[in-house]
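Residue numbering begins at 1 within each chain, and the chains themselves are lettered A, B, C and D in the order written.
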Amino acid sequence: MSFEYGRNLRVTLFGQSHAAAIGCVIDGLPAGEKIDEEAIRAFMKRRASGGELATARAEADDALIISGLVNGRTCGSPVCAVIENRDVRSADYEAIADTPRPSHADYTAHVKYRGFNDKRGGGHFSGRMTAPLCFAGAVCMQVLGRLGVEVGSHIARIGGAQDSLFDPVDVSVPQLACLRVLPFPVLDAEAGEKMKREIAAAAAEKDSVGGVIECCVLGLPAGIGDPLFDGLENRIASAVFAIPAVKGIEFGAGFAAAGMRGSEHNDPFMMEDGRVKTATNFHGGILGGISSGMPVIFRAAFKPTPSIGLEQRTVRLSDESECPITVKGRHDPCVAARAFAPVEAAAAIAVLDLINC
Amino acid sequence: MSFEYGRNLRVTLFGQSHAAAIGCVIDGLPAGEKIDEEAIRAFMKRRASGGELATARAEADDALIISGLVNGRTCGSPVCAVIENRDVRSADYEAIADTPRPSHADYTAHVKYRGFNDKRGGGHFSGRMTAPLCFAGAVCMQVLGRLGVEVGSHIARIGGAQDSLFDPVDVSVPQLACLRVLPFPVLDAEAGEKMKREIAAAAAEKDSVGGVIECCVLGLPAGIGDPLFDGLENRIASAVFAIPAVKGIEFGAGFAAAGMRGSEHNDPFMMEDGRVKTATNFHGGILGGISSGMPVIFRAAFKPTPSIGLEQRTVRLSDESECPITVKGRHDPCVAARAFAPVEAAAAIAVLDLINC
Amino acid sequence: MSFEYGRNLRVTLFGQSHAAAIGCVIDGLPAGEKIDEEAIRAFMKRRASGGELATARAEADDALIISGLVNGRTCGSPVCAVIENRDVRSADYEAIADTPRPSHADYTAHVKYRGFNDKRGGGHFSGRMTAPLCFAGAVCMQVLGRLGVEVGSHIARIGGAQDSLFDPVDVSVPQLACLRVLPFPVLDAEAGEKMKREIAAAAAEKDSVGGVIECCVLGLPAGIGDPLFDGLENRIASAVFAIPAVKGIEFGAGFAAAGMRGSEHNDPFMMEDGRVKTATNFHGGILGGISSGMPVIFRAAFKPTPSIGLEQRTVRLSDESECPITVKGRHDPCVAARAFAPVEAAAAIAVLDLINC
Amino acid sequence: MSFEYGRNLRVTLFGQSHAAAIGCVIDGLPAGEKIDEEAIRAFMKRRASGGELATARAEADDALIISGLVNGRTCGSPVCAVIENRDVRSADYEAIADTPRPSHADYTAHVKYRGFNDKRGGGHFSGRMTAPLCFAGAVCMQVLGRLGVEVGSHIARIGGAQDSLFDPVDVSVPQLACLRVLPFPVLDAEAGEKMKREIAAAAAEKDSVGGVIECCVLGLPAGIGDPLFDGLENRIASAVFAIPAVKGIEFGAGFAAAGMRGSEHNDPFMMEDGRVKTATNFHGGILGGISSGMPVIFRAAFKPTPSIGLEQRTVRLSDESECPITVKGRHDPCVAARAFAPVEAAAAIAVLDLINC
């Protein structure tokens, strides 16, 4: 049941890039929650943003809520939202059915579905599936917001250009609010410019480039999450890897922790305003899978957009020959640069699912 | 239900570090599978290995299978294995109940369970929970083996000492077999010596050090895994983060992919012996969550063992004061160095669960 | 996650009686299955049938498939179908929000959702939710049909009028085919007339009447279903109780078995055409939760439609007083008489889910 | 995963009749719950009761709790209980492996598990699996008791002998308490004597007889349970059908409701002591799958014990011939008469699972 996520909150995605529509069903929301559709639209717009750098396919992505609300509030029945696929040009994709594009899911999907998968626009492997994911995330964020929990993120790296990282102890709600209005959210504007140059350079060469999104969850009280298989790490990773192109995730110090001594990495407990805190936050707000009350911080690594304009090598499945391929059409030189909204959405869904129990 | 993993194969862990026993129940194994208890014992021994570097707590970890087998074969009823806790000295842990150890789950568990959690030896947050995980993994590996799927790993990094990495295209079953008999499995013996020195140095200073395990799954046919939330990445991550101290996971090129161009990272398809392969394997054997038929490769980052002998700062929960803490008893200077078996076990469980459907 | 059913096939319902739409998402269908939309429409029409006896609300119930199909075949992505709610007159229901109708879910929903549930037309407790259930069932039946499995049913009882029952050994596919074209499917036409008179009599008195549907599944090979919690009985019951007004279910001899001796009830095994059969079929095709290869037979009891035109007693929640209530609008004097399609749908979903694993 | 039940409380059973042990793992219990082992023992003894009528296999069924408790309280880790199988005489069952006993799961299990299932004593289809079910139920009852929820039952019917039924409005906690100490719990002692005579008569003829257990849940507040697939009916049915020999379940008026008019069956709402009640309780405490605050009442039908001493007809699987079979050994003439404890256990587990969310 790979289109579904959650135990206590169930998000079901459906659709393909070129189906009549894509959308989602959200079951398990508490009844009586006010849903602000304007705020959802604003969040979904961020997914499609990217200014001059964005892919040419720029859809309005108006999600139509067809069930689950009465007078703007959840009524206990699942919220179903439908997003029409408008800007569909299936002809673009006809030629490639037999010659899988390198680093796409064309080949693995072909094997798994014995050729019956929807090849138009990547079918259900398209980045377009992040639109209903963002819808669901936007709904969850509103519920979380009322519980004092805020999710935010920035582009931490594009190719060789690195942004500053969140201060894991002092990252604040106002800081997240600032990031939320930036079309290209970075902490260090200069780093942002470098990143844009990396993207532009790749685009100019019909190439693409990868990146890293850093995300944090603030206001999560201590005690959320579970040991072993349902820890915050497991559950957030489970949701984040659903975003196409994610190839790694790390929490707190993450891979850097492998190079540290315990005496460095262990975060001393301290009291502040009558609450238990830690002086540093290498643990990324999670100990034993459970929130510590400190900011939850993680980073997700995105591979370079597989769709590039350069000639590549592939095979022709029909006759098992090798052949060149040049993928036509518009290319997004850097999905990572537009992945902050889906990453926030995935985190929001995962966290609300764990809180909801 | 955080003690359980799997959809089509369900592994349920139970126990605490100082309970009468720990163990697991494995539901969903095909009936008629031969289970080699000697091979299980050998694998579980690897979990407890580590030579002169290991923690003083060295238990036999004999798993007693109390159900699910008839004449050494699975019979359709769940396999339940019980491992007695013998070397239990609860006195060691009495003092720390009120003063949470930095970077342990003491504090978060205290909040979550309102003080009722088992504080002896870390309760169910103990690394000891990896013993039944390894039991379950060893069973899964036997089933996988008959399907031609092999799982293996090595210590890729300890502190500043780095092993070579698997050749992502050419890593082979014999290579994994060699690693499987090494008590300290590394690809480059010299790097192994450096790692041991890092561990010894940390131990000498009553400190600890982190590390990275690299794991691969060979022989997995193309087409295993699902899009979105049940991809190989999501499901393996879900299992691996159950191992205490894991703070990051990456597949294929992983975080390094963030710095790459698409033209570099995209793996060209080619034909070899009538099968579709890729010339390089930056995708780590997974595209769109689904296996490509190439080796599945991932790395898990371990934070330094939180339990160290140095004085640290913490709080006294009973009176909300700050205070020093020196954790007494034996310390394992590097859990990462002994984590290869649990990582393999988690991968084996995740992969068989996905194959099983 | 009470809007979802299934493990290996996941059916998610959404919508409320007077929302913009109701519908369903079906995840886990094998790719490449041909879906005959005409056959779906025909089956859904049966749900709405009932001739002169039917409720005045007679909607076309055209289900629009918005995802999951390519050229009329499943593509591995979930099938989502949306059914518009057209004949919606919310004014009918405004008055009753404060005075729960006896035997409806008005009161229990009010408590559960703290007043936020959709009160229009019974919200998500409406019999209208069986429309997407029937859609999902119709899809499953097509897949089952290709596996040689057929589902059929008849009205076994309405009030005091009783139809013959299926011959549990000899019920056949042609017999089911005949029932499928009857608007009022009974085995004994005379009994059918009596039933209609019972319904008409109840209707004339602004009253309603209950009934029983008998359903069978033919062609299910031996070995489907699981012991304990996932037996055919458990799983079919789980699905059938989702249909509003069902208050009982029995398999094979069912409650009558309580009055039988083992020597009577035990079905002797025999050989027929090289296959193991049983001479009688009191076990209803299920032993130990697993299919025996004999027809699976069960009966579901429906309470009388709660919505009647007579004056009844209820309470006014706002001031905790007792008061009379006369439910206005159109009443369906016998939901049971139109429940054969939802019962078949529930059975088809449950059986395909168990086969699918 | 058919050995598991529950979403928010997960009960996993394991073992076979003649394995070293049977037992269960209960995950999801709140931490800090006091567990009274003496009360568990008392409840489990009731499962084994039946006085002169009982099967000769009378085991102590001492459940050993090996994890999950600290100082007699739950600690957040699953409770695992192991029950040794002592009185095991496998020789009894050797002969029958090839000739499936009528109405047992021998044949269906043989097909499902391709002959690898444990044939000794019925393997995991044995009534013995109700021992760990009762353990889990006894634990749940203690937690429920603290929430003011009580579960009780009586033998409502054996063959032709019928007990009075619970007064669905006035059944009380003291009445359940009285039933709980009777070895043969009935409401009408005379009916009980008749039942015993039915059992004795069947036993004298080497035959067996079926029966009905009526169970009620008191003190459940309104608002528990969910619409559609997770209603109280669905969830209780799901648990109760796990008990071997159950072939039917009905709630409230159940099958009798099929013969009623709405004006009869609809339960008028009324106020009593400031609480909403219903004057009658044909709905069995459940409307729309959700508790109404009235007693939850259901009845489960048990087929006659399939194991009888008379000669029967079966087939020899090895050569596909028909042949007679006389099942040797001790026979329980009426499992129904001893099924009250498992039925209560199943109800308790189902109800706590729904409350727990």
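Assume a contact is a pair of C-beta atoms (placed from the backbone, for glycine too) under 8 Å apart; a residue touches a chain by one contact, two chains touch by 3 or more.
Quick caveat, the model's predicted, so the values are computed rather than measured.
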| message | I'd like to know which pair from B-D, A-B or C-D copies the A-C interface, where a copy means over half of the contact pairs are the same by residue number. | response | B-D
| Counting only C-alpha atoms to place each centre, which chain is farthest from chain C? | B
| Averaged-CA centre spacing for the pair chain D and chain B, given as whole angstrom | 39
| query | For chain C and chain D, what's the span in angstrom between their mean Cα positions? | reply | 26
| Using mean CA coordinates as chain centres, what's the chain B-chain C distance in Å? | 46
| In chain D, which residues are in touch with two or more of the other chains? | 1-4, 7, 13, 76, 109, 112, 124, 227
| note | chain A contacts chain B in the complex at 1-5, 7, 13, 100, 102-105, 107-109, 111-112, 124-125, 129, 157-160, 202, 205, 207-212, 222-223, 225-231, 233-235, 237-239, 241-242, 244, 246-255, 257-271, 274, 276, 278-279, 282-284, 286-292, 301-308, 310, 312-315, 317, 320-322, 336
| Of all residues in chain B, which touch chain D in the complex? | 1-4, 6-7, 10, 12-16, 19-23, 25, 27-28, 31-32, 64-70, 73-80, 82, 109, 112-118, 120, 123-124
